[in-house]
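Each of the next two complexes has chain A plus one other chain: chain B in the first, chain C in the second.
Now for the complex of A and B:
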């Protein structure tokens, strides 16, 4: 056991990962450029506009960070579940359920001091998001119902049920779109001191949770159990770990994080619950988690990158006329190369040629 | 009689394992040839090569005198070779007749001629006394009937060389008798039968000649009429006399540490896997369980360690009943478990070395508090056991996948024995697939553990291992544990007889 060998291995690992992501990004931008060229526009102009829109000024950067808050939370939600091999595809539904709950607390309770009101809103979102995962995991543990199917179905129930709620019982008469009344000012997340930007403490909450989840997964007994169950449930059971409890907790925690994501985006950005407010925050969370290899700290850059793409795409469309749907192509290409691990295999081969001594 | 099949000098290696080493097998037309050997002896691999499911690394195959290459099963079928697998390959929602003609259906115009299919299936099965009701659905047919349908399916495709892989393992005694009558008729009609088994009595009953395989080689081929189950068993498990045992002195046995009383376990399909097992292990003692794999050994180990529920019976650890407690409670009470499959059960290959080393002890002081793992304490403990048990790893934080098989097993042993807490060690196939140095080391660790006062239950398909380490030997056969007594000069013969189902 020489620590030198270990350090060398670690260094190679870090360099490989960086090179891997760089190659993936370049490849995705090349594919995107080809699509822009085919549609008769100039890819360089489009990419410059995209970059400016995402990160071109302090305000733009702050807005991108704001957009990443909810994505960090849904990314963490996915990471906790996927690490435990619990395939929670219900993040979108859990996000909606949590968002509505926090909005309800936000507009129907009055006269509370702001810190308490905010805390209640976020807690309501967290709680209801977690509860929304409950039926799926109970069905799985009791009757071995595949959670992939049940969580997907729960998405529809949450999205359509909240749509009904804001179309009828909770519809604000003054609202232009189906939505609830606006939240009390005491329930809104305070802005961070960047004039002109919507960035608020939701981002700091998301960052703190990423570190908290990291600590939980890698430093606590429960987190260790979740990861071992995720690696190999048969091994975990053989060693005496509570396998079923771990699956249960992973699903509930995952739903709670997605619900908190919904609460943060409602209390921080929208200020009221609007039917179909989410532009796929839950779905993006899964992709972000995969991009981060299900690592809680990796979720932060992955989510910021996704937020930048989304904000940049809007700017690109208005500046150059390249449709923002192009960004979907770029995202898709990235996911393709991430999931097939194409460059990892390539780099592995190359590294072995350069350094024949590496095992 | 003319030669039907000749497999000459066949060698086949899988990554890390030599499945067949220079195997020769020549079978005449109309012969029933039994191929016997322990699990892992290479019987099935040899037959899969003949049927085109595996390709040999070297060697030649002749079928009916012609040298042939068999790259896939379609070629094998064209050559007149048919195979009935241990697990049937039938479509459950189809009738037996539909399954039999599947892919080669008689046609009338573009349509399947069901009438003719049914008629042909009926004629073919009647000819060999195979009662197959072609109109019955597979899901409604008995196991024996499904097997007969598989045989008819092969015949329907023109097979005159039939391979049967462990055909009796799924049959009742009566169905087995029927199968044998059918096989004799087929042979009398000039068909050649290759019959894989490890049940020696059946082999003696039905075959003309018997080929015995061990460790990927053919040990010998004998005329069945001129041999006995005892001779075959000795060929199967090796003739070597007990080597100088690793044990230097007889065990200082103390009080009872583990007792099993009338333990019954059902497997996942609800079939009894362990029947009325009784067992006593005393402190300082190694009790070996020999037997052909699949006779309930896995279920026995899992029942003791809380991984399988016990239908009835008692298990006592130092006098305290532990049956049907949770695995964690049983481990806490002092049972260590080296599982038979280290990669799927013994470790999480993706986890780091230290994470695997602490997987049993992590949840209590001094390795964790209420909530948080004491990582530094865990790492220093892990470093200590890695040194003590000689686990070769680049670092404690390496992924376990990077370790060799022998080192993964050392890691498992280190975790199970490293804390010195266990009163009983259940060791299943502890040295399977491990190099000689690792095997030596692990055997010494087990003996050392017993010497210090624990009881060791050693379950192994390797009879030499059982005999080298054990004070007493028991044999498991069809879920029953039979005592073979102390290890002495005649133990090998006694075990050989019991392994094949002879009465004690």
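Now for the complex of A and C:
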């Protein structure tokens, strides 16, 4: 009897979540359609082109998965920080710092066996990404400097500083745009066996990390402390949990994951560090995490959805002339609606009316 | 004496005049941030509001042929956006930081989309059709040699910005309305208990925030540069947030932070003319912000320690 009720409750939960996301998506598409109509184009054509561009063939699907690798990692970075109520808005900067570090290891060290070279590149990105988060969290813990603004400033500093590095000291004379030398072949992530697609093991690394972070947050004592601190710092403090240590770890892990994201996109996709290579991977990571309700496993589908939007946007622009900036508007709209727990509350009431037996 | 000579060539009256100009957009956004902070809302959407303001100022100016019309459209569009923010935050109970970030993203996407869709341009829009603000020469000051170069010949929005500081000060600290607004930010329950319409006050704070960002955005695209480009706000909304934080809600103190950013910005442009790598000198305003942020935090923690030692005074800190 009780298990039956439990099952019913679970079912309601799943239906509600699904309906919630469906509603968010529909609202965002409606807003997008309105914006397309304003510019005198046909929204249906545009959306069809977008879908085809993202998932229209096996190669397109593989490319979308490839694009999702870095987004899964930045999404996880955001999830770890937000779960602990650390407002790390510096993912973009941590991504740049990590990306440059991994590129540097990739082009300046020669003659290593590929697995070792790749590992070193990824480690360098992880390490430097974490370090780029360090000043913000130290300042917060020592003098209570608001991390929202400090991490944002570190974004600009990282982007401009790496731009300086590739414009002067590390500029490659052969590069078309300001960028470093190309990475040694031993540093490049091996492709997965899908002919014509850039999909590489970076995607598998990202998936593995999503499960690792899930395990860390939900199955370890340290992760439990992080979540409790995020849930209610005062309570966690009274319960004897190390609030400061948890905030510190959350920021460092978050920065490290963003840095690894940078390393994966450089070693897997670009093959060299190019100034302003990121089209907002760090920013997208935050939205992805929110879309996934800061759950590490939810980050995976959310990131793939975002990657599909990004890849589809290009195809939509070239096929129908609807500017790809539309997708950013749609993303902003999604973020608005995701934050509103309005739908969940509304559906909750309705479903409870239909099924009066559930408590 | 070589170093002094170089310094003398870098630090000129024009540099200080440029400081006033560069401080203006940040100043408007800061004043906006101050109003919403006093009503108890941490407005992370300043950056997006500035962006919207800058874009619609250009649209208004091109469509109606007057910078003032551009300004009006900028203010109206920012009012609509901040009303949206307020409804989602206050009625639908979404977290203010997340709604603010969503607003930034939304504004960035919308302006870039409309840039292509309405103005048929990618990346930036520059045209003789954009009618910008003309510099104003102030009658009396115009005749005084040094002061003239510093204070005269700015866009009217620069003067409005500095006037805004005085108005904000008087409004917040010398009127019953300002007292009510600050009460809401300080303690919602207490304000509610004495009969203040706290929700209305929050709306007013956020709408003022939007309107002021409209001025700041219009300054960027119709006075500072006669154009609109992607990322033209360049983080000024975030600098403003730091200035609000530094000033602890006091307009005059925040003005100091804005002037520091303005100086860093002006210096960055000046140093570029001396052949320093632009990427490095452009870091100046952000580094300055970090320094200002740290200084204000140290000062606040000192104050907090003092409060712990002595009986609590009647002063208050704005939570930002």
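The rule is short, and it goes like this: the second predicted complex is superposed on the first by the 352 of 359 C-alpha atoms of A that agree within 3 Å, B and C clash if a C-alpha of one lies under 4 Å from a C-alpha of the other, contacts with A are read in each partner's own complex, and residues count from 1 in each chain.
Definition applied: a contact is a pair of C-beta atoms (placed from the backbone, for glycine too) under 8 Å apart; a residue touches a chain by one contact, two chains touch by 3 or more.
Everything numeric in this text was worked out from a predicted model, so none of it was measured.
Novice: Looking at A:332, would you say it contacts chain B, chain C, both, or neither? Reply first, second, both or neither.
Specialist: The answer is second: A:332 touches chain C but not chain B.
Novice: Contacts for A:220 in the overlay, against chain B (first) and chain C (second): which applies, first, second, both or neither?
Specialist: A:220: touches chain B, not chain C.
Novice: Under the stated touch criterion, which partner chain does A:176 make contact with: chain B (first), chain C (second), both, or neither?
Specialist: neither
Novice: Once chain A of both complexes is superposed, is A:240 in touch with chain B (first), chain C (second), both, or neither?
Specialist: first
Novice: After lining up the shared chain so the two structures overlap, which partner does A:232 touch, if you call chain B first and chain C second: first, second, both or neither?
Specialist: first
Novice: Quick one: chain B or chain C, who's touching more of chain A?
Specialist: Comparing touch counts on chain A for chain B and chain C gives C.
Novice: Once the complexes are superposed, what residues of chain A are shared between the chain B interface and the chain C interface?
Specialist: Shared contact residues on chain A (touching chain B in one complex, chain C in the other): none at all.
Novice: Write out the stretch or stretches of chain C touching chain A in their complex.
Specialist: Checking each residue of chain C against chain A gives 44, 84, 88, 92-95, 97-99, 101-110, 112-113, 115-118, 122, 235, 238, 241-242, 245, 277, 279-280, 282-283, 286-287, 289-290, 293-294, 297-298, 300-301, 320.
Novice: Going by the contact rule set out above, which residues of chain A touch chain C in the complex?
Specialist: Where chain A meets chain C, its residues are 35, 38-39, 87, 89, 139, 143-146, 148-150, 152-154, 156-157, 160-161, 163-164, 167-168, 283, 286-287, 290, 323, 325-333, 335-336, 339-342.
Novice: For the complex, give me every residue of chain B touching chain A.
Specialist: Within the complex, chain B contacts chain A at residues 305-307, 326-328, 330-332, 337, 339, 344-351, 355, 359-360, 362-363, 368, 371-373, 375, 383, 386, 393-398, 402.
Novice: So in the complex, the part of chain A that touches chain B is made up of which residues?
Specialist: 1-3, 5-6, 9, 219-222, 224, 227-228, 231-232, 234-242, 359
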